[in-house]
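Next up, some structures in C-alpha cells.
Heads up, the next two complexes both have chain A, just with different partners, chain B and then chain C.
== the complex of A and B ==
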C-alpha cells in the first residue's frame, strides 16, 4: 500500500496551558516494499509521527492517506490490521499463558477460521526464529526472545506496513542482526517497514530511505547517502570515516553500509 | 567511605563478591546463573556483557536483593542483599535502562531527594547532598524543572543524581544508555567516566564501545562466567566475541578488516591511520 502523511501537525494537550506542538507540518510517504528509517534526537517527534500512520493519534491538522483515500474514512480495525505498529518494549504487553496463545490473540479476532489462525501463528513464529518457543510461557523467556514473540503477534495480523519503534533497544548484537535480517526479508516479501531508531549504524545497514526529524519537522529526507553525506552531524560511523577521507580521496564515493564502506576503503590506491 | 575504620576502604573489604553463585527461575530447565564467582574491588570499573538470556539481569537482581540465590554467596560491601536489603541499598545504587520508569517527583530536585527522604536524612543535610549530586551530573539550574520536560539524557542524569545523593560506594549500571540518542548517550557516559575515581562500578551493556576504558570485562553466557579479561584481550579475541554473540563497534571492526589495530576508537583516528598508510605506500609505490 501507499501511505502518505500530508502536512501533519500534532498538538498534545491542545487548548490547555500545557499544549506542546510535537509535529509542525510533516509530509512523508511510505512506498510499497521499502524500508524507511526515521531518525532524530529524543523529543524530535519520531514516536508521535509513527502513531499517526495507523491513526492511533489523529492529526490536529493535515491528513493521512492510504492509497490516496483519507484514512479517517476507513474502518479503524481494518486500518490497524493493514498498518501494524510495534511499540517500544512491546514485550511489556505479553499476557497469555503460552507464546502461541499470545501470538494468536489478535488474529483470532479477525474472524478467520481456526486453522488459518494456527497457520499464521506458526508462520510468524517461524519468520522470527521462535517456533521452538511456541508452548513456553512468555514470562520465562529472555529479553530477546520476548521481543521476537511480541513482534510475531503483530506480524500474524498480516500487515502491509509494519512499523517498529526502537525494535532493537536492549537486544544483544547477534539478536539485533537477526532482526535486521528479518526486516530485509519482509521488505523482499513486499511489506513496507518503517523503523524508528536512534542507532544510526543500524539505520545505515537496513534503510532504503531515511527521514531525519528535528523539533517536529522533517530536516532531511532521501536515500541514506543523501541524508548522511548532506548532514555529517547525523551520520553513522561508516559515513563519518568516509567523509573525513573524501577531501583527499574523492574516489571513495558515498558508501553507507558497512560492507560498501569496507570495499571502498580496500579499493583505495596504495593498499 | 572516607574513614578506613568503617571497613569499606580497608584492605580485605570488597565492593562486590560472588562465590559459586547459582540461581534458577522456577520451572526453567536451565540455570539462569551457574557457579559464578568474581570480585569487584573498591574503585574498579568492570563491564558485564553477553547475549540476551546470558544471566546479566539475573546477576543485577541478586546483587540488589530482588532475588535470593539457590546456592553460593553474594556480598555487597560485606552485606548480604537477601537478608540485609536495607543495609545493601545504602551501599549500592542501580541505574536502570529506561529513565522514564524511575522518575516520580514533580521537580528535579524533589526527585533527587526521594531516596534521602526514605532514609530519614535531616533536612539541611539533604539540601546539601541534593545540590552536590545535581552538580555531579552537570544539571545545575535544572532544580525546578519538571522531569517530563527533559530529554532522555537529562532524565537519565536526574536518575543518576538520585543515586549519588544516597552516596553509595557501588554503582550498578544496567544498560543505562540503551534508550538514549547519540547525544544523550555521550552526556551520560561522560558523567559516569567522571565518577570513576570515587565509585566501584559494574556496567552491564550490549555496547562494547562503552567499555573500552574499563578495568575488566566479564562475559556471561548461558548463566556461566566465560571470561574475566581486560578490554584489549576481549576485543582482540575473535573466537570469544563470536561464541558470545558480541560484535565489535563499527570503527574497530573496519580497522581490523583493513589490517589496522582494533584499538582505533574514533572515526578521526581511523581516517588518520588510513591516510598515513595509503599516503606513505603511494609515495614508495
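== the complex of A and C ==
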C-alpha cells in the first residue's frame, strides 16, 4: 500500500500555555515495498510523526492518505491492522502469561478462526527466530528476546506497512543484526518498513530512502547517498570516510553501505 | 490539566507561608467546620476563604475546577435533603414528592460544608509544593519518632508517590498506545468489557511500577541514602511571625464562624 502524509502539523496540548508544536508541516510518502529510514535528534518529532501513520495521533492540520484515500474515513481497526506500529521499547507492553498468548492478542482481535491465529503466531515467531520461546512467560525473557516477541506481536496482524520506532535501541549486536535481516526479509516479501533510528550506520545498511527530521520539519529526504553526501554532518562513518577521500579520489563514487564502501576502497587503483 | 490538589506554582503570600502552618491551619479548619452549625457561619468562613484564594493568586477559574470532582457528591447530597427531608413548610408538592423549607436549608448548609472542606484542602495542596508538603508533614509527625513512628520514611513515601503519579500516567498512555496499535479498543462495549480491555494495560503497568521501584531504591542507595537519621535538608523550614499570624487568623475566623 501507499501511505502519504500531507503537510501534517501537530500541536500537543493545543490551546493551553503548555502547547508545543511538534510537527510543523511534514509531507512524505511511504512507497510499497520500500524501507524508509527516519533520522533526527531527540525532540525532532520522529515518534510523533510515526504515531500519525496509523492515526494514534490525529494531525492538528494536514492529512494522512492511504492509497490516496483520507485515512480518517477508514475503519480504525482496519487501518491499524494494515499499518503495524511497534513502539519504542515495545517489550513494556507485554502482558499475557505466555509468549504465544501475547503474540495472539492482535490477530485474535481480527475475527480470524483459531487455526489461522495459531498459524500466524507460529509464523511470526518463526520469522523472528523465537519459536522456542512460545510457551515461556514473557516476563522471564532476556531484553533481546522480549523485543523480538513484542515485534512478533505486531507482525502477527499481517501489516502491509510495518513501522519500527527505534527497534534496536539497547540491543546487543547479534540481536540488532537479526532485526536488520528481518527488515530486509520483510521488504523482499513486499511489506514496506519505516524504521526510526539514531544509528546512522544501521539506517545506511537497510534504508532505500532516508528522511531527516529537524525541529518538526523535513530537513532532507531522498536516497541514502543523496541525503548523507548532501549533509555530511548527518552521515554515518562510511560516508564520512568516503567523502574525505573523495576530495582527492573522485572515482570513489557515493558508497553508503559498509560492503559498498569497502568494495569501492579496495577498487581504488594505486597505493 | 489542573486536577484536584495539583500544585499551582506562582509567588503569593499564601505560597510563601511555612507548610507546617498551612497544614495545621487546614487541619484546624477542616475539623472546625464540623463545629460551625449555622449557614451564616459557613457563609462567613466561605467569604474569608475566597479572600485567601484571591491572595493566593490562583486564577479563580482554575480554583473552581478543583471543585469539579466533588460536584457529583454535592448534587447527590442536595437531592437527598431536598426530597427526603420533611421539616418546615411545604414549598412544592408533586405527586409523592414534597419539598420542604427545612430540606432546602439543610441542603444549602451541607453543600456549603462539603465545598468548604474541599476548598480548604485544595487551597493547601494548590499553594504548597509536594516536597514542602512532605517536609511539613515529616516535621509535624517527628515527635512521634520517639514512640518508634517512622516519620521520615512516611514522608519520603508520600513524596515518591506524588512524584511518580505523572510518570505512571505517561507510562499508561504509552502502553495504551502500544495496545491500541495491536487492535485493543478501550471505548467499546459495556462496563464489564471495558474493564476487561484494561487488563493488557494494567498488567504491564504494574510490572513496570515494580521494576521502577527496584531501580529507584538502588539509585537512592547508590547515592548514599540510608533513611532519616542525621539527614539534613536543602531547604530548612522556618516558622516565622507571619506563619503564627496566619494560624491565629484561621483560628479566629473559625471561632467567629462557630459563634455566628
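One rule holds for everything that comes next: the second predicted complex is superposed on the first by the 270 of 271 C-alpha atoms of A that agree within 3 Å, B and C clash if a C-alpha of one lies under 4 Å from a C-alpha of the other, contacts with A are read in each partner's own complex, and residues count from 1 in each chain.
Here is the rule we go by: contacts are C-beta pairs under 8 Å (C-beta built on N, C-alpha and C of every residue); 3 or more make two chains touch, one makes a residue touch a chain.
The model shown is predicted, which means the values in this text are computed figures rather than measured ones.
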item: Partner chain in contact with A:73 - chain B first, chain C second, else both or neither; value: neither
item: Partner chain in contact with A:95 - chain B first, chain C second, else both or neither; value: second
item: Contacts of A:109 with chain B and chain C, given as first, second, both or neither; value: second
item: Broader residue contact with chain A after superposition on the shared chain, chain B or chain C; value: B
item: Touching partner for A:153 - first (chain B), second (chain C), both, neither; value: second
item: Which of chain B and chain C A:87 touches, first, second, both or neither; value: second
item: Shared chain A contacts, counted only where both chain B and chain C touch the same residue; value: none
item: Complex contact set, residues of chain A against chain C; value: 13, 16, 18, 51, 54, 56, 77, 80-81, 84-87, 90, 92-96, 105-106, 109-110, 139, 153-154, 157
item: List of chain B residues in touch with chain A within their complex; value: 25, 27-28, 50-54, 57, 97-98, 151-153, 175, 178-184, 206, 245-247, 249-251, 253-254, 257-258, 267-268, 270-271, 274-275, 277-282, 285
item: Interfacial residue positions of chain A with respect to chain B in the complex; value: 40-43, 88-89, 137, 140-145, 166, 169-177, 198, 200-201, 236-238, 240-241, 244-245, 248-249, 258, 261-262, 265-266, 268-271
item: Contact footprint of chain A on chain C as seen in their complex; value: 1, 171, 174-175, 177-185, 199-201, 203-204, 207-208
